[in-house]
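Listed after this line are the structures, all set down as structure tokens.
Next come two complexes built around subunit A: one with subunit B, the other with subunit C.
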Partner chain A sequence: MSVVEEATDDALYPIAVLIDELRNEDVTLRLNSIRKLSTIALALGVERTRNELIQFLTDTIYDEDEVLLVLAEQLGNFTPLVGGPDHVHCLLLPLENLATVEETVVRDKAVESLRKIADKHSSASLEEHFVPMLRRLATGDWFTSRTSACGLFSVVYPRVSPAIKSELKSMFRTLCRDDTPMVRRAAAAKLGEFAKVFEKTAVIEGLHSSLTDLHVDEQDSVRLLTVESAIAFGTLLDKANKKKLIEPILIELFDDKSWRVRYMVAEKLIEIQNVLGEDMDTTHLVNMYTNLLKDPEGEVRCAATQRLQEFALNLPEDKRQNIICNSLLNVAKELVTDGNQLVKSELAGVIMGLAPLIGKEQTVSELLPIYMQLLNDQTPEVRLNIISSLDKVNEVIGAAQLSTSLLPAIVGLAEDGKWRVRLAIVQFMPLLASQLGQEFFDEKLLPLCLNWLTDHVFSIREASTLIMKELTQKFGGQWASTNIVPKMQKLQKDTNYLQRMTCLFCLNTLSEAMTQEQILKEIMPIVKDLVEDDVPNVRFNAAKSLKRIGKNLTPSTLTSEVKPLLEKLGKDSDFDVRYFSEEAKNSLGL
Partner chain B sequence: MVMEVDEPAVAATTSQNQPQEHANDFDMDTSEGPIENDETFEPVDQINWKFNQVKGNIDADVHTEADVISCVEFSHDGEYLATGDKGGRVVIFQRDQSGKYVKGVRSREYNVYSTFQSHEPEFDYLKSLEIDEKINQIRWLKKKNAANFILSTNDKTIKLWKISERERKIGDDAWNLPRTNRINTSSFRGRLQIPSIVPMELIVEASPRRVYGNAHTYHVNSISVNSDQETFLSADDLRVNLWNLEITNESFNIVDIKPANMEELTEVITAAEFHPTQCNWFVYSSSKGSIRLCDMRDRALCDAYAKIFEEPEDPQSRSFFSEIIASVSDVKFSHNGRYLLTRDYLTVKVWDLNMESQPVETYPVHNYLRTKLCALYENDSIFDKFECDWSGDDKHILTGSYHNLFRSYARGNNQDAKTWEARPQEPHSQLRSRFVVPSAKRKRNNLSSSGETTEEDLSSDQLQFDRKILHTAWHPKDNIIALAATNNLYIFSDV
Partner chain C sequence: MGRKSAILAVILAIIYFRSNFSKMSNTPVQETEGPVYVAYSMEDMLKSPRDLYKSVKEVAKFVNSAEGKSMSARFKKFGTPREAMDFLAYGDAPTTPKTVPPVAPTEPNSPFSGVNRIQMNEFKKYVEKGDMENFLRLVDSNPRFLVNTGGDVASIVMEGFRYNALHIAAKAGQTEIIAKILELIQNIDFLIRLYGTGADDVTLRKINILDSYLNTPDKGNSDTPLHFASKFGKIGVVRVLTENSATDRTLLNKSGKSALDCAGERYTGEDKDMVQRDIHLAIEGFYVFLHRNPTTGSTQLTVSQKPPATYSTSPTTATVTVSAQAGPFFTEREARDFAKSWQTAGKELKRTDFDKGWERVGRVLAEQSEAMWRETWHFLGSMELLDLGSEQGLGVLEAFLREKRRGNLRNSEISEISTKKSIFRRGIHARKLDFGILDGEKSAEISENLTPDGSDSADDEDDDDIFYDTFSEIPAAAEKSINDPDDTLGSLTDRFAAISIFSPLPPPPPPQWSNSPNFDYSEGEDSFATPPTTPPPTFVADDEPCKIDNDLFEVLAQISSELISKFPLTQDYVQKLGKLTAHDRSTWRPIDSPARCDSRRKI
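After this line comes the complex of A and B, so read on.
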């Protein structure tokens, strides 16, 4: 054997292993081999890949789903490995098999790959090989193959002869009337996508009857999918046809008996508004929307409420204020006392956004009462949502209007039994501080912030130390030294070591918003004291603090102030303390 | 409702023809012959059941608890029959596929196709609860490819199983690297080889595809697949949940009858089922004897029902047991979706969906037990949950009783339906029917019915309450029934 051949054989060794592992009992090894299928194919060359590897893969349909999934994905990128567009059709058979398995993810992936390789086909081979395969799938015995077929029409249709086009049309129409709801669902879901590749003139004749059929299907799971298809269909039509053909369908869906369909309509409301909006009588659309807001089903009201602000924003400007005040707010007022908490919290989340749309006067007269009521709601999420979007209303009327109701609400949330609620309000503090002004903050809210530093839940303590930095950045270092440092000094002497640690955490964040001078004057004395603490945990946290605080100091101060402390900690009796002081030293370059 | 043309006619002819006339059937072209009579079957005649098969050990007292069959279900095309047992096993039987004809009809023999362990005993450490492996119910999914799929459930966890055939495997040849001394071979010589696929003996594999767990606080009593083939429901004592077949980590609660205070609990859910074609409708029955029909279109939560089917209680006959025996143990939609069939302790009832106030038909199952309720209460038999079934054409009704007796009723036929006994006998021989008489009247009845050959008197004192037929299933097209009697599965047909 020649030297050259020896060398190639050695290079083939890993490939040989990969091929052998295609039939390993361990699924992870098989998966590994399938993932490297392109390597194997490359080594085999295009001819053997076509004749042997693809043949083998076609037959391995029995494998586990996760293997099939990866296989389906790999085959989508195989075109160059089987010899380019001229031979790409040899990939159809394995993918066709994969498109009929019962596992949806595998099927979807196979369809995705089929769509990919459809583009690689020449027009001739598309008609010669791809279309017959689509025909087989569309008329397959099992619904799995027929559902997969639905996803392939849009890639084939634009590139085939008129005769085949009309065949495809009738095939798709048959699928829309399939006996099994699964196939009708797939057809309903793909109808919009298919419509997009139609010639503008043919789309109505080609697909409108199917859409009409599907939107009155007996299965609500089919009808709800037509919402999206109808929208997509609508975007393709001119004004007159849209009004004539799509508007009635959508209007019927608004009033569907099934709440799941109405929910879908509420979800897609803005898109529907965009499609119908300009041509449709605004009051009609608004009426249909307010019906959704009053829906008997909470889920529908939730979805509709979510879109209140966006819907209002999209209304024609000349009528907007009138519609909001006369129609939407009337319903919103009812929603304030809705039995469903989720509806109320959705409302609280969007209602502030209406303020800029209707101006100051109306906000005060119409919206303010709603805000007040929501601020007094039983559910903390509702109050939180109002507070979180305070900035929107502030621009219009100023938060001072609200402060009388705001304060009790904030205090209530600050002392809420659920720590997640407290956490949320802690995180809103910087926002509130900037909206309400320093004076109000110092007087009313600061005591709350300082209390959180001693909360019994760590997350709250941690979050409150983090907001201290933002507050200091906002109000200045001087503010911190008069308001926060005294609290630190108190904590530093607390008998509970956890409080002393909180003190250190807080100093960490404060130091990042203070000048060096202040750090030396206000912070270092406290740290210095805690370096001597009895509890090792406090001492090593002091070391960690020194590391962070040190980053804000000049090298000379570091050497004079920080280094002695770290050296002292370096000789500590506790291993962890020594470790963290060493780490701090290294990090600060001391 | 599509019917197999020959089926109702077969039912009609066999009951008219006495066994000796069966010879004629052989000469007839079975697919054509009886069609003539097709128009004559209303009202339909009672079916005379013939013995077909019995599965399981028939030495009565030799069985373990784990072998007791706990559910029976035909697949949608009737080609398969699944049973589950208290040991958590599922056995699938397949109808004879050879296409041979026996007694003028396609062979109705069922043979074991696949057996697998569906559920294992578990222990819930949080609640210190043992979870039995007993299979409470099995439901077939409509066929979506060559494989079959079933849902099986125990008290807590529902599983989706795939049962598939496999005839080919990867050949054992064409390895690239030697199979021995692999450690020493670090180089490869020669030509790369792709393994080949070779045929092998057919094997049937059952593989678990999905596990729907952690959604039920109480015991799951029913599962039902929706006609959209996308969702299914599962019902426990107090709640009904809705699942998507593809999603295992999320289910929606659609009915919750748990009162805020458990001391106020007055009724529990006993069974639930989806409508066969209307994807929005489902019914659930309660221990108080009412059946509620819910429409999922109205609300996400179906606590408010659309219709309630309930019979007003007769104050005269009220007793300590009235509520217990009113409890509905099974509810089934007819195949055409128009009627509901319910079983309570003493009767089986047919309700028209359009009439809520009372059932349109009521059939007594074992009236002779009415005087024995006290004893039945004491040995807990009164809480037995009997199932009921429709025939494929909705014209007959099937349900079980004690002492391995069962009954089938021809709807609208006033002639008394017989009580049949399930016991091993010659294939194709007519089953023995029994006439149960209250003990006091025994003597007289013995005299009067001594002339009967097929019907034997049975004193109600002799009834064995531990031998009972709780679980039954009717083939979706043919008159074939499967009955679970303790550890035995009986298959009877009208041929």
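After this line comes the complex of A and C, so read on.
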């Protein structure tokens, strides 16, 4: 007897500790103990976890939202700890409570966990335990509880009897007409997901009325969620019903009085096009789309413009060229002078994607003027985007033709006051080099690249050393010796130690694109000099450089060329220099 | 003017010079060494004498002569006579290439003339005394009493110390005048009238004017208006000034003191401690703000001294705004404690009432801890935080109700003809209020009283007096009055009284009505003339009642009847809604409820 009692006391111990910790003033302690919940459950065994731990958690559920959030998450993974599918329903009560709290994040997590454990229920226990809980949530007085209920229908519905199915349908319909917008919003967000688990034939009868209700809701935040639901319905219904029931709803949403809804339509444009496209009159769809492009609200125009190329690509091939040239480009021409910079930037990013779709002749006559106009835009971001789409032009007409007009724009961006703009054009250089050819590059762009090596922003200097490698790979080591190494020699002697360091960084990347002979002939002399620099920062960067450059050399040259230098640095008076030289030695195996 | 004609002169001179170029170049010029002087006319170069002077004395003599003065002559020194001749020929052109100067952005000329010292003194007197009537009269006659259009700054009312009107009013504690000044100088229409330009132009100027008013130190002790108000213990003024987010509370005066530092320095009343405390609260107090995201419904409490900025997280969600504020609290700790109890209290209510739950909880807590409470009422169409328990808050509501009623009146005039035709088709949703329908002597009596000429004349008046029985549209009430035959007559008449001016105890007519020629009350109570068309009963957000009305009523019902009686329309509203049971009111649905919208669509 006494042995048994003792065992009970021992077993009770974890709970006692947990209770203590959960009563602690300090939130972080409470959080920690909740995180250890599964360990405690494991120690208690399934039966006592069910009877005592879960009971305890259900009763003491009032805490800070952070603690509740972790609890909600943990309980979702508790199925094995309470004894598997036969007993999983004991988790419903604490999660039901958590699904009704005020804090959205906690509720959402509780719903997520409830969805997880719903799958673990047998069909029988789903009807016996889960459905009654869902009923309580869906008809509760608190809008928080009704909101949470919306997310649970789709996991229950496929696995219950027809009688309960019809009850669930009517419950959901009621939630779609709830007085609280938050509940209707949750219902609208889950409507599509719910429809997908319906028997195909039952969707119309079961849920279409809810969709029609929600898409005329007073709240635009509810209506905008029906865009996605309507698309989901569209994929589920057969052609005739889609045309009759879904098309009118989507058409209305295109013209919604709230710009947020129209923004959502623009965001989902391609999906809508896929749903409606094949059966709908193309001209009508194109008209609705061009209306979005001309929308009074900038955000809507932005979102619509973003999808210009994809929309055009999705058009039926036989009509595509005609539609692009006669409708889309006319609107695009207006967007070129849009008052909103973001719209122009988006346009610049997508417009040249139309080139392959309309062929060379039309590109020259229709797209090129737009291209040139955007190239001369006042906003750097617009110019940057349009230059970035150069490859697409190249495919159709060859970028070389454009070089004369491109150059001023590139030079302008290269000297832009915003370093992020400069950075973008730096990173774009290798592509430009390959599109425009070596001759043009050497003549016009190389000076810019060399200038960036002495930019006053580190990111620009760093990016320009990186592109040197790519350029050398493209044009060959010989090109680097004649064009870049002289600049290195100049930097090596610069009075500013930062420039001397840039020189080292550049040599690092160059060495990866050069042969051993070139390295020995061109690079090593410079490094040798910098090993004896007055500034320790330069010396230890020289050590780092030796480590990188050494990787491209044969062991014999390493011993003869690199080792003496590193040994010299190893005796340096500066700690950091000694450290990095040691590191380089080790990694090169010297 | 002078500059323009000078430029013209230069141009003319150039033309003149060009046409005579050959002649000029042939003319032998006296080549003498040393500096020479010429006298020239500022206004018209062509009038300038073509004489060269050898010394300053000589040229000065000419300039000061009667002839020189008549052309307002100036003189100029040149190194050689040729330079001097060139100057006379083309003005400054040869030395500094003279082009037409870039046209400076022309400042608009205010259509109003400047204000002179004497007028300003009169103005100062009114500001000091708080004489609102005369203050408004002067400002209306010339807005430049308030704004110096030259630099878009506050007009200086008192030279010497360079006080603007706020300095003076703050010192004198004229809270209302200050509120009015701040309102006027931020009013776009007022500024447009003043500058004679457009909205874009004055919006830019507005910022400068406001800043100049609030934050300009005076010339004596570098005191801002807030310093004055604080120093003299004018707590009302301090509140008005600190409410404006453009007020800089941190400015220091000559003695290195902030407005808070000099709180109550010159205040002599016995309640100095209280006053200092209040000033401290107004300047440095901490507030608890309730933020709401109208899209997701999520709420958040923050504690700070200044209202936080509104923000939007993505295009698909609406902007998060401050929807209520409690405070000021003396210390940050007090504010945090308040926020904590707000967070934990009333969990039930917060989860039942989605759009006012937090506010209802906070309101009660604020009352318990005697903190000031303000919240936004969206039906008013602004994000302003209002304390409906104060005169100012009720004033805003009253103005809203007045406007709403006026709008209803207009609408009912416009739609009168069409409603006449459709009234029968509208069925029970718009029954004509004919007391004959009700059986029972009392109502018949009332009906007779109202139309003493008999039922015939009542019929004649039909077209003018159309009432809509809104009760049929209040679900619960309508159900009762139509379906429940046991409903007592007393309760029925009471219910009707709630919505009609035939009420046995009619609320006092709002003052502006009695001034209106349309409504003649002069015949007195004994006259049985047909009363004017009652505007349809006003609910705040819609023609029919909704949850907002209930939310508003709950707040108004807590306010003392004495205070509310100063606002006739508000009082009227409270009396009408008070006739209904709390249960009836609680059945009013939110304005966007689908059930409610459906029934409205059917109508």
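The criterion applied here is as follows: the second predicted complex is superposed on the first by the 567 of 590 C-alpha atoms of A that agree within 3 Å, B and C clash if a C-alpha of one lies under 4 Å from a C-alpha of the other, contacts with A are read in each partner's own complex, and residues count from 1 in each chain.
Heads up, the rule we're going with is that a contact is a pair of C-beta atoms (placed from the backbone, for glycine too) under 8 Å apart; a residue touches a chain by one contact, two chains touch by 3 or more.
What you see is a predicted model, and the numbers here were worked out from it, not measured in a lab.
When subunit B and subunit C are set side by side, the one touching more residues of subunit A is B. Contacts of A:20 after superposition on the shared chain: subunit B is touched, whereas subunit C is not. In the superposition on chain A, no contact is made by A:341 with either subunit B or subunit C. Residue contacts after overlaying the shared chain place A:224 against subunit C, while subunit B stays out of touching range. In the superposition on chain A, A:144 makes contact with both subunit B and subunit C. Within the superposed three-chain model, A:260 lies in touch with subunit B and with subunit C [touch as defined at top].
Once the two complexes are overlaid on the shared chain, A:104 sits against subunit B and subunit C alike. Looking at the shared chain after the overlay, A:296 reaches subunit B, while subunit C stays out of its contact range. By the touch criterion defined above, A:180 reaches both subunit B and subunit C.
Subunit A residues 100, 102, 104, 142-144, 180-182, 185, 218-219, 221, 260, 299 lie at the interface with subunit B in one structure and with subunit C in the other. On subunit A, the positions that touch subunit C within their shared complex are 100, 102, 104, 141-145, 176-182, 184-185, 213, 217-219, 221, 224, 260, 263-264, 299, 303. Taken together, the subunit B residues at the contact with subunit A in this complex read 142-147, 149, 162, 166, 168, 170, 175-177, 186-190, 192-197, 209, 227-231, 246, 277-280, 296-300.
Within the complex, the subunit C residues that touch subunit A are 294-299, 315-318, 347-348, 350-352, 354, 589-595, 597. Those residues of subunit A that touch subunit B in the complex are listed here as 1, 9-10, 12-13, 15-17, 19-20, 22-23, 43-44, 48, 52-53, 55-56, 59-60, 62, 100-104, 142-144, 180-182, 185, 218-221, 256-260, 296-299.
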